[in-house]
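Just below is one structure, and these are the notes that go with it.
For reference, chains read A, B, C, D, E, F, G, H, I and J in written order, and residue numbers begin at 1 within each chain.
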Amino acid sequence: MPDSSLLETFSNPSQQDYVIEHIADEFTSVCPVTGHPDFGAIVLRYSPDQTCVELKSLKLYYQSFRNEGIYYEAVTNLIRDDLTALMKPHWLQLITQWQGRGGIRSFVTATSGHVPEVWQRD
Amino acid sequence: MPDSSLLETFSNPSQQDYVIEHIADEFTSVCPVTGHPDFGAIVLRYSPDQTCVELKSLKLYYQSFRNEGIYYEAVTNLIRDDLTALMKPHWLQLITQWQGRGGIRSFVTATSGHVPEVWQRD
Amino acid sequence: MPDSSLLETFSNPSQQDYVIEHIADEFTSVCPVTGHPDFGAIVLRYSPDQTCVELKSLKLYYQSFRNEGIYYEAVTNLIRDDLTALMKPHWLQLITQWQGRGGIRSFVTATSGHVPEVWQRD
Amino acid sequence: MPDSSLLETFSNPSQQDYVIEHIADEFTSVCPVTGHPDFGAIVLRYSPDQTCVELKSLKLYYQSFRNEGIYYEAVTNLIRDDLTALMKPHWLQLITQWQGRGGIRSFVTATSGHVPEVWQRD
Amino acid sequence: MPDSSLLETFSNPSQQDYVIEHIADEFTSVCPVTGHPDFGAIVLRYSPDQTCVELKSLKLYYQSFRNEGIYYEAVTNLIRDDLTALMKPHWLQLITQWQGRGGIRSFVTATSGHVPEVWQRD
Amino acid sequence: MPDSSLLETFSNPSQQDYVIEHIADEFTSVCPVTGHPDFGAIVLRYSPDQTCVELKSLKLYYQSFRNEGIYYEAVTNLIRDDLTALMKPHWLQLITQWQGRGGIRSFVTATSGHVPEVWQRD
Amino acid sequence: MPDSSLLETFSNPSQQDYVIEHIADEFTSVCPVTGHPDFGAIVLRYSPDQTCVELKSLKLYYQSFRNEGIYYEAVTNLIRDDLTALMKPHWLQLITQWQGRGGIRSFVTATSGHVPEVWQRD
Amino acid sequence: MPDSSLLETFSNPSQQDYVIEHIADEFTSVCPVTGHPDFGAIVLRYSPDQTCVELKSLKLYYQSFRNEGIYYEAVTNLIRDDLTALMKPHWLQLITQWQGRGGIRSFVTATSGHVPEVWQRD
Amino acid sequence: MPDSSLLETFSNPSQQDYVIEHIADEFTSVCPVTGHPDFGAIVLRYSPDQTCVELKSLKLYYQSFRNEGIYYEAVTNLIRDDLTALMKPHWLQLITQWQGRGGIRSFVTATSGHVPEVWQRD
Amino acid sequence: MPDSSLLETFSNPSQQDYVIEHIADEFTSVCPVTGHPDFGAIVLRYSPDQTCVELKSLKLYYQSFRNEGIYYEAVTNLIRDDLTALMKPHWLQLITQWQGRGGIRSFVTATSGHVPEVWQRD
């Protein structure tokens, strides 16, 4: 089941504003209604304050959803909340991108904080 | 025929602002003039307030247009209106993307409400 | 329902070997088990003998499957048989390419006759 | 020759702001200097007021340029003016996208009115 | 664990040679060494004799590998053997396509029987 | 109207076997039934004997179809015949690739002579 | 050597704001250090005032750099200055896009004037 | 090891605002934890003041990271700092784009200064 | 330096003919003339006899070329020879795909043994 | 002008059959009729006997065509002949791929010798 205690951090090595993105292409959980697996990608973007999430611990945290029955919207809000509580970043954006079910593909985008200037033009 | 009574909702699981997208790649209706089928995709984006549209009911609602003779512009405005009435979301955007007829591809974009901050930079 | 009487032919304008392909990207029928619509593309390739299938009649014939409950394999073999009976071509290949259901995309390839030399290297 | 009398309209079925796009991939006219044909695509985007342009009439209007000798810039401004006069939309954008001549591809973008809010974020 | 008893068949509706492909884009199993999940796609192609594999049962069979620790080569040969034993087809090809591990992507291709003429030119 | 007298040749500069391809992406003619324009590409491949077709004359010859009402199959066989009569090449392949009409895209492939060894593996 | 006297203009046919783009995919000059050729594309965008640059003269002007030894930054600023002096446009943007040298691809973007409203949303 | 003394500059040839991008597709360093190599691309964008970085020296500077054990975030901030100290540009953006590790691709974006007007619409 | 003693094998789990491909996208060695790094991908395909190469050991073997000065042709033949000596497979194909140097991209293909039937149509 | 004396060779490091490809994406020569530059790519594939062509010398040889007025067919046959005379390879294939002129793209393929087994399936 989802286990935020797997998440670890390290100290932010810079005091300047910058943005980190981690794109996990191999996320899977289970549909709570049908019991069939859901597959998707998870895009995490954040502007760190004091700490950054350690990459391998992030992978293990994502793997803890593997056999969990949970809705798209709940996954998205839960991960956003867990990572925001962990790092207290200036800004965090969490996007889940789900492969098609019944001919419909879904995306859910959640954020905390405000978009930093460094991310406003690219 | 189009039947908005097929639509169902569930309670929004989060009180924070976020955006949900559902992309249906397999929409079909019928041209009211020629009687030939039209094929297209429907992009739904919204920022929920109290409720979210249930995914399987959305699929059945879209299927109810299968043998309906209806124009591109009317489909777009009708779906926008049905979903806005159903969920009363903070913001809703409905885009229909039609495959070519006579060498012309068409897109129609309708909205209700105002774009939320969470959607303003990506 | 599928109606091969919609098909019309015209006289083959050439006595030399050649190959005609028609790719219909907007085919739809209905799953006989679930009642949900199936969407796909149909690739027709043939080397004509005395007659060619008329393009608009082919479109109307394909449209006659719109509300028919029928399996992938049956659609493919039926269309191959109808068109072979209609034109008695030197060679005919019929490929159906179905969009995903439950995470699985399917293709079915059926032929009649032998591949002509004109089609053996491209 | 270009004939705006071919254009027809129908009443806008909605009083809400929305945007319609028609993309014609098969436009052709003639270079007034060399007499060789030009090929391109035409993107029309507009926010309707009282009327919308009827799709088949738009196709016939575009076809009326087939044997006309006319420059890229003149085609773009003429179509923008004809459609603006016809519909008096809140906003209209007309983009011509020309295939390469002498190793140079060209695009011309013309508008009338101001971009509506519905079109400002996508 | 992998469970071939989930597989079901139906009678081949045609006595002519043809080829069926099912492409499952959402396969996952577990690396027997590291315990980390593996993700991949499975391409099945076969020329049926008396029976065809039923699509939903194929999906459930693939899902039975979800928490199984098993090597790439073993998965491929096992599925080839299970499906060959089930259907005794004229020809069967099974390809597993694995996403990258340590910067290396892997594909394994196994067959039984001989390629039919219908599949020799496309 | 189609005018093969526009075609010119030059002497083949080499006595070795080789293959020349010319791909014209901007072909247009007119549907003899509806009067609407057809758009497509023409792929010419040949292994020259004594002469090669001059490129600018080929372009003018293709342009001579601009306002001709003619079927897909007839265009393909006519161009194949005109170019074969002009150059008497060892081998010639003529493919017309037509953009969609009524949701169906069409390709017609005609040849004369036999495929040379230089073209058999690439 | 670069020769701005090759450039010619014609009168702007419209008094409304619009934007013209010319994309030349086949630019080449010479590296002043190594003497090896550089290859790239040049994107020109401008909002005309009284005059527009004539397309064939633009091509000849670009060709005049063929055997000139000149740095990326200097090419970009020189062409921006020559075209701004020629047309005195409301706005002009000149982008050079260079193919890789030593594993590094380079782009240089220069402008004169301010971005017009017609260009601010697309 | 990373060696900023390899970096060289040349005088900015223009006093107008413009933007230079260098995209290095072949960057490699070493993971400080596992000792395995990391591969990625580095995008550098800047608006020069008095000096520009010389391209070959930039390549050699990037190569000096080849056998250095260093984290993604540290590489990004170090290069941003070295290049900012070297050139003191009006604005500088440094993006590192890392290929997948354990199914997760990462991007880090750092800047100094403020985005110039020339870069605000493209 | 290249070290084939890093390579390990495991017993082939099947006695049927099949083909294994491993595609390593992150290979790097050093040009023996200029000392600059070369980057490329390595495609390995083989039909195993008694043993298969273990994937992690293959990765470490490839990493042992990281600081070796060696030509494209020599890398290709050396890896083909090392892996053939290790596994004595029925067939082995080794392709190196090098990113551009001086505007020229290179590929080298070497094999041992004869192509198995399982690989002759796909 | 084209100068085959620029070409250099080195000894083939392997006595086994293999194939080398060099793809030069930045070839340019001049049209002998119009004087305008032609741009294209050159694909060289060969199976070496005693010698291989040295890569930098190949680049300089290609650059020697930069200001030469020469037809597509002549370039292709000349390079094929020069490289065959230089290396006397078991097999050599030379393909020139020209960007569009007047809406027509051209490719010319010439060979010497016979295709080796190593190249017959991929």
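Assume a contact is a pair of C-beta atoms (placed from the backbone, for glycine too) under 8 Å apart; a residue touches a chain by one contact, two chains touch by 3 or more.
Since the structure is predicted, the reported quantities are computational estimates derived from the model, not experimental observations.
Asker: G-I versus E-I: which interface comes out with more C-beta contact pairs?
Answerer: Greater number of contacting C-beta pairs: E-I.
Asker: Using the average of all C-alpha atoms in each chain as its centre, how far is it in Å between chain G and chain H?
Answerer: Comparing mean C-alpha positions, chain H is 27 Å from chain G.
Asker: For chain C and chain H, what's the span in angstrom between their mean Cα positions?
Answerer: 55
Asker: Express in whole angstrom the distance between the two chain centres, defined as the mean CA positions of chain G and chain J.
Answerer: Chain centres of chain G and chain J, defined by C-alpha means, are spaced 32 Å apart.
Asker: How many angstrom between the C-alpha centroids of chain D and chain A?
Answerer: Using C-alpha averages as centres, the distance is 43 Å.
Asker: Touching two or more other chains, which residues of chain A qualify?
Answerer: 25-26, 36, 39, 99-100, 102-103, 119-120, in rising order.
Asker: With touch defined as at the top, which chains are paired up in contact here?
Answerer: A-B, A-C, A-E, A-H, B-C, B-D, B-F, C-E, C-F, D-F, D-G, D-J, E-H, E-I, F-J, G-H, G-I, G-J, H-I, I-J
Asker: In their complex, what parts of chain A are in touch with chain B?
Answerer: So the residues of chain A touching chain B come out as 71-74, 76-77, 80, 93, 100-112, 114-115, 119-120.
Asker: Would you mind writing out the residues of chain C in touch with chain B in their complex?
Answerer: For this pair, the touching residues of chain C are 25-26, 28, 36-37, 39, 63, 66-67, 99.
Asker: What part of chain D is in contact with chain J in the complex they form?
Answerer: 36, 39, 99-100, 102-103
Asker: Within their complex, state which residues of chain H touch chain G.
Answerer: Interface residues on chain H, with respect to chain G: 12-14, 16-26, 52, 55-56, 58-59, 117-122.
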